[in-house]
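Chain lettering (A, B, C, D, E and F) follows the sequence in which the chains are written, and residue indices restart at 1 in each chain.
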Amino acid sequence: MKMFLQLGLILLAFCMVATALLAYVNSFTKPRIEAIKLKEAADARNELIPDSEFEEITGDLSYYIARDKTTKEIKGYTFTAEQIGYGGPVKTMAAVDKDFKIISIKVIQQTETPGLGTNATLPKFTDQFKGKTLDQLTVDKDGGVPPNAIKALTGATITTRAVANAVKASIDKLRASVSQSPETAALSDSTAALEVAK
Amino acid sequence: MSFIKELTKGIIKENPIFVIVLGMCPTLATSTSVENALGMGMAATFVLVCSNIFISLIKNITPDKIRIPVYVVVIASFVTIVDLSMAAFIPDLHKSLGLFIPLIVVNCIILGRAEAFANKNNVLNSIADGIGMGLGFTLALSVVATIREILGNGTWLNIKVLPETYDPMLITLLAPGAFITLGFLMALMNMLKEKK
Amino acid sequence: MIALVIFLPLATNTMSTIVLPVIILGALGLVFGLVLAFAAKVFAVKIDERVEQIIAALPGANCGACGQAGCAGYASSIVESDTPINLCAPGGAAAVEKIAKIMGKTASAQTKKIAQYHCSSGGFNNTKWKYAYQGIESCKSAVNIADGPNLCSWGCVGYNDCQKACVFDAISVDEQGMRHIDAAKCTACGACVAACPRKLIMLIPETKHVVINCSSKAKMPLAKQLCGTEKPCIGCGLCSRKCPVQAITVEGNLARIDYAKCIDCGLCATVCPTKCITDSKAGKRLKAEIEAEKCIGCTICAKICPTQAISGELKQAHAVNKDACIGCEQCVGKCPKKAINMV
Amino acid sequence: MRLQTFPGGVHPHDEKHFSASAPITKAPLPAKVAIHLSQHIGSPSTPVVSVGDEVLTGQLIAEASGFVSLNQHASISGKVTAIDRFPHPCGTSSLAIQITGDGQDKWVELVDEPNFMDLPVSEMKNRIAAAGICGMGGAGFPTFVKLSPPEDKPIDTVILNGVECEPFLTSDYRLMKEKAKDIITGLKLIMKIVNARKGYIGIEANKPDVIKEMEKLLSSEANLDVVGLKLRYPQGAEKQLIYAATKRKVPAGGLPMAVGVVVQNVGTAFAVYEAIRYKKPLIERIISITGSPVAKPQNLLARIGTPFAELVEFCGGTKERVGKIISGGPMMGFALPSLDAGMGKGSSGLVLMNEKQARLNEEGNCLRCARCVDVCPMNLLPSMIAAAVKYKNLDMAVQAGLNDCMKCGSCAYVCPAQIKLVQWIDTGKIRYAEAQRAKK
Amino acid sequence: MKDKYIVSSAPHLHDKTTTKNVMWNVVIALSPALVFAVYYWGFRALLLTLLGAVSAVVTEALIQKLRRVPVTVSDGSAFLTGMLLSYNINAGAPWWMPIMGSVFAIAVGKQVFGGLGNNPVNPALLGRAFLLASWPSLMTSGWLKPKSGALSGIADPDAIAMNLKALSPKAFDLVTGATPLKVVQTLRDSSFVASINADAGEGIDLANRIFTNITEMDALKNLFWGNIGGCIGEVSAFALLLGAAYLLYKNIIEWRIPLFYIGTVFVLSFIFGPIKGAGFSPMLPFFHIFAGGLMLGAFFMATDYTTSPLTKNGRIIFAIGCGLLTVVIRFVGGYPEGVSYSILFMNVMTPLIDKLTMPKAFGRVKK
Amino acid sequence: MGFLGQLFSMAIAAILIQNFVLARFLGLCPYLGVSKKLDSAFGMGMAVIFVMTMASAFCYIIYQYLLVPYGLEYLQTLAFILTIAALVQFVEMVIQKNSPALYKSLGVYLPLITTNCAVLGVAILNITPLADGSRYNFLWSVLNGFLSGVGFTFVLLAMAGIRERLELVDMPKSMRGMPSGLILAGIMALAFYGFMGMKI
């Protein structure tokens, strides 16, 4: 019985000490980490649509409305799209303009195969998204014909699909929620224009 | 004197990867680029030294039956501390290494050294052992990473070393390439040993 | 300042950020500790720590010389069943001493032995062949076919099974195809002894240098015809008769030395008519020298000297003919005046 | 007639043309013979004569030293000149009684029992035992022992082995061709001794004339039959022959009696007939002297112990350089270091090969082509056994069938890498025996 | 020792088949395919094959020299490996491809383990897998168009293609730019099917039409003779069958593996082959056994002695496994063709299959 | 997709497509260390399956009911590894008591399961959000642990089979042991590439 308690208590002691230490470290790293994360996200948004201020809208899809800093006019929207790739989830941050045409995208988190899937983070890949409309977001391997489609990365079709399809799906959702939002009713004319264009 | 001996043995004679064959998983997983390898090596060295110190301090008060749980608690704590601190204070480096840091917990080198060395030796020697083993680990990791990065990407530490016409041999960056590269390096070590 | 950095966060929200996790993880630790303690009791296996200690003391060559499957097997058999502790040949005296300490026994290390061939032939040029053997290059396989490819059915076949069996690289083969044992590397594990289908290898004490280099049981004229080097033991018995300590017996046309009795004098080697007995220390032994002052001329030494190397008149100081003296030390013990020294 | 066979096996060229057409010829009396004390499975015989004794042809010179042992008789008349080690027909040397002949061939007295078929079984067995008969196909198991199965193993079938699946050999073929009736009588005698209802004579398809002849002779016998067998080696192996003829599988490690069968070589049956009818001891047998270097290949009726050199001489010597001398057939026979050995009771043939035929290729790496697995009549994994033996993994060798191998040589015959599979397996068997001894 | 008689262990007779003539016979059996390849794609096919074979031989010789063991390249096994490797590369590949592949195949696939007979997997296939992993784009593009006809093997390509071009450019690209199996794989992608059907307009099931075209009799004829795009050795089912017949006649390969392999693919593609929406075509199983590398794989690669099971039952399990995986990879995998990967995978399984199917000795009862 | 369909696709993924050893580089030390003999590989495999299944269950419970409610996710590594270590030690004691032969053949590798990254890996993967943002529930976590263990055992056995065969050949001296083991692992990883991108 004594041994029982001894073992239990020693392990208890170690766990308590370790946890105390970790909790202590966590207590002052956590705010910093969160601050850094927020800043990074903000930086990324700024990179995608420069000179803007952002307003977060939460919902089915959380997105930010980007307004011009001076005119307060809506310049576009940014959002984070995610889909599983080859090695795990691929997170892409994208910015679209009012007509839901892509301004630019950035792959912010991925665990793809080095040398193949990881090429998705390179500008060579992400630049081709610029200016693409919703229905141009088809990967060439799926029947899309460039330049009106996304050219798949060599040996990493799955990663390409993950990025393209995630962005595509998110734009779909974005359109739905933007059109519902009363605040953006003013945009309805441009949405209508899009319908006409189709 | 023994401090120096413990310090240097890990680099070649008892190299944790090539000779003792421990810590295969991080070796293979993080050797796709020299940058990753160096970061991983340094982080692992830090944890190794810390846990070696701590374990050699507590070696007399841990009962055998719960030795391993106590050690892993110690190691996991240090790893988490490293993880959190890096995220908070050096976010850029953490970003490029972030994924691999929790992996250090299961790097068998650390528990291996705790079991094989730190719980039998004094603090000073344990520090030396930790540093030596850590350096050996970093070194071996960098060697593997050098081969893989050059062949698979044409670069070394992100600097282009092979001409543009070189069509990178992607396999070296993939799992099979990792295994085969390390396999051949070990065969090379064996050959050198035989010659001696 | 430092204190502030450390304690400020502590003070602000101690309760929620520190105490709670500590309690939770502490409880987890307590539970696991108790479970393990419980398991340790229920599933307790009595392990003899001595086994581990002995394994650590053994060289870990897993050569099997002790007759057990590897070092671990030997360690547990020492502890569990009263196996002698001096069976580890590679470990030698050092290992025995350590094991003895662990087991609380007194050490009785074997005198170190080394392997020795008992055949003078075996190379390409040193063998007379009976037929052209084609098959597996292994002595064990070759001797199965028509009594082996060499004429002498007691002699070395020459396919080096012994060398292949040696895990210590102690056996080398020269250009002639003859095998040599490196005494420094040999650990007397006996692997080669077991590997030789002709039983030509025996372990003899390292301190003995005289070897009968033949295992042939063939009769006189035949033995010479069969032998590749023409240095067979023909069973003539000269050595046996000459041996000052009766250590040599001849049985079935073959002489054998009992190394327990042998005093390593090398006398037999000098009388062997076929030069079958070799003495690696010949000429290197210390020679006898008589202190003239002490010598009383009793002639005992002269009588006992097997090579008639001592001469001298009765009651006169004797002298040793150093060329004839082989250093057998027979005279030393017999001198009543302790007048003979080996120099 | 449907030809029967067994699973596995190989098709070596039968090469019987050298001596198949040569009728049985009496070999001249040898000047000296060496009668080995162990020409059979079992304990060596004990000499009952000593150096200097005069002996008659057929006189007992060594007697059985136990239940599984054999009587040996002088095969010529003359004087015992030595009891020493002499070359044995399996290549080794062993103890033998040397008789220097007087050239007169004075026989012990023989009988001619008129009603030999009606002799009591015990008397028949006694005569077989007295005559020193052992299996004449090669293995040399004492026939008397084989014909005395334990009570609990009733025998219902006797199979005469006239397969002669070994290439080159023709001695059984000639015997069957020339002494068919006597062999059938021998079969009937054996059936009577073991009280069997059914008798078969197994003959391979490359001897159609003998099959036809035997069928004709047996057409009136309801319980006797000829079994035609597909041309395939090792068709003559006991277990394979039993399977082919009766579809019974002899359990591994068991004897044919386990499935109620006794197998005897045709030569043995003939010897049994002679022993029972004439009380004639086994002092001579038919041996094929064949192979391309032999000037005039023949089937000789020769005395036991005659040196092979004399037999080859009688066949006109050799017409090209001999590379290899094989006592027995080329698949399972023994290569001899010289022609000095004398023939034994199991010597069915002596095959000479020229140097080209004798040369073997170097062992290559195992390709794992599994040809050896496909042909193994015992359904083993020969390549695996060999590799396991080579790398000293006896457990794996046993798992792959080390102890079930009968060394028929089919695997080594087909191996494209020329691996000496049989020799490896042989080595493995020796190692295994050593290991078993060490365990004790 | 020379003047003595030779003494050896029984048996003293030997079958005349040797490692050497086995290997060179396989090379002979492979050559008709090369003739066809040269006919359809020009001398580049021959050049690549020779480069592969020669570099394999040179690699093997060099390594054996370095290891100080006898050089055994004359046994033909390295030549064969190099040849088979080149057969797995398309005739339009860069010239250094077969060299890299052969070096890897021989060095890593074979010599690391001690050479002939010790390789755990088929070295040629390993070389191909290596190339595919290293240079995926080069290995899956740049197909050479056959002398007359389309890559996809669709009969009368011009007429059909023009017809298609009008309907959907994507569909046009597909039938003119992809190998038969790639076409079928693409037709399994529902998003692609939807998009070309949408292009073509209301009521036209373009996917179904392509599918029918590619599996009809005329297309099958092209497949059979080799008038398609593909790897050098996959060219002509006919040429490969010719070689296979030779090997079967010579008793060098055994019927079990090819029969069960092809049989499994036949049966499974009969059941699972039809694509969604397309009608059932009785020709489909034939398409699947003639297309891609199945013939080459089933007769020349899966039957590789060293890497297939020892036992007869094991070979059947092995072959069925190969067939199953081939179909799985073709139908739901990431690659259009699964022959090489399925054989590689089953090679890895071979020791376990051998263990499971260890025969019991004649007359022995299983414990 | 019904339960069985989901189970099947999870099994295929865990065993063939995303194999722990060959695709994720997890559990390599035991994979290379205990694959010399089929028998011990089998024993090791069983031990790993057991530990992975149990670890999945325990870690899931601890995470979901102890850490998440109190916002202590940052302690997950500590809590998980502690759980696993205790579990392994428990298993070790049980095996040592009940099957000394197995204990002997697994030798040093049993304690090494603690640092078998595969076990910690599966525990962490189980709580990692999937593509659609959802997480495995308790049942699927346990199943994932079990199937991942099966995947580990599967390649371990295949490896042991090959290595046992290679015991019977003449390998270059410098290649024996680890080097050939690693190269074999590379070859196996290549052979498993056929399943890349499989849609099940």
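Convention: a contact is a pair of C-beta atoms (placed from the backbone, for glycine too) under 8 Å apart; a residue touches a chain by one contact, two chains touch by 3 or more.
Everything numeric in this text was worked out from a predicted model, so none of it was measured.
S.K.: Using the touch definition from the top, what's the fewest steps needed to get from subunit B to subunit E?
M.R.: Contact-graph shortest path, subunit B to subunit E, evaluates to 1.
S.K.: Show me the overlap between the contact partners of subunit D and those of subunit F.
M.R.: Both-contact set = C, E.
S.K.: Note down the smallest number of touching-chain steps it takes to go from subunit A to subunit D.
M.R.: Between subunit A and subunit D, the shortest chain-hopping route counts 2.
S.K.: Quick one: which chain's Cα centre is the longest way from subunit B's?
M.R.: D
S.K.: Does B-F or E-F have the larger number of C-beta pairs in contact?
M.R.: Of B-F and E-F, it is B-F that has more C-beta pairs in contact.
S.K.: Specify the chain most distant from subunit F by Cα centroid.
M.R.: Result for the farthest chain: D.
S.K.: Measure off the straight-line distance from the CA centroid of subunit C to the CA centroid of subunit E, and report it in whole Å.
M.R.: 59
S.K.: CA centre of subunit C versus CA centre of subunit F: separation in Å?
M.R.: The computed centroid separation for subunit C versus subunit F comes out at 48 Å.
S.K.: How many angstrom lie between the centres of subunit A and subunit F, each centre taken as the mean Cα position?
M.R.: 32
S.K.: Centroid of subunit A to centroid of subunit C, CA atoms only: how many Å?
M.R.: About 75 Å, centre to centre.
S.K.: Note the residues in subunit D that touch 2 or more other chains, in rising order.
M.R.: In subunit D, residues 91, 334-338, 359-360, 365-366, 384, 420, 423, 426 touch at least two other chains, as defined above.
S.K.: Please set out, as single numbers or ranges, the residues of subunit B touching at least two other chains.
M.R.: Answer for subunit B, listing residues that touch two or more other chains: 65-66, 69, 73, 76-77, 80, 84, 170, 174, 176-177, 180, 183, 187.
S.K.: List, in ascending order, every residue of subunit C touching at least 2 other chains.
M.R.: 21, 24-25, 28-29, 32-33, 36-37, 40, 130-131, 134-136, 141, 144-146
S.K.: Mind listing each pair of touching chains for me?
M.R.: A-B, A-C, A-E, A-F, B-C, B-E, B-F, C-D, C-E, C-F, D-E, D-F, E-F
S.K.: Under the stated contact criterion, what part of subunit E meets subunit F in this complex?
M.R.: So the residues of subunit E in touch with subunit F come to 67, 108-109, 111-114, 117-118, 120-121, 126, 129-130, 132-133, 325, 328-329, 332-335, 338, 340-342, 344-345, 347-352, 354-355.
S.K.: For a test of understanding, state which residues of subunit C touch subunit A in their complex under the given definition.
M.R.: 9-10, 13, 17-18, 21-22, 24-34, 36-38, 40-41
S.K.: For subunit B, which residues are in contact with subunit A within the complex?
M.R.: Per the touch definition, subunit B meets subunit A at residues 32-33, 61-63, 65-66, 69-70, 73-74, 76-77, 80-81, 84-85, 87-89, 91, 99, 152-153, 168, 170, 173-174.
S.K.: Show which residues of subunit F lie in contact with subunit A when the two form their complex.
M.R.: The touching residues are 74-75, 78, 82, 128-131, 133, 196-197.
S.K.: Considering only the defined contacts, which subunit A positions touch subunit E in the complex?
M.R.: Residues in contact with subunit E: 116, 138, 142-145, 154-155, 157-158.
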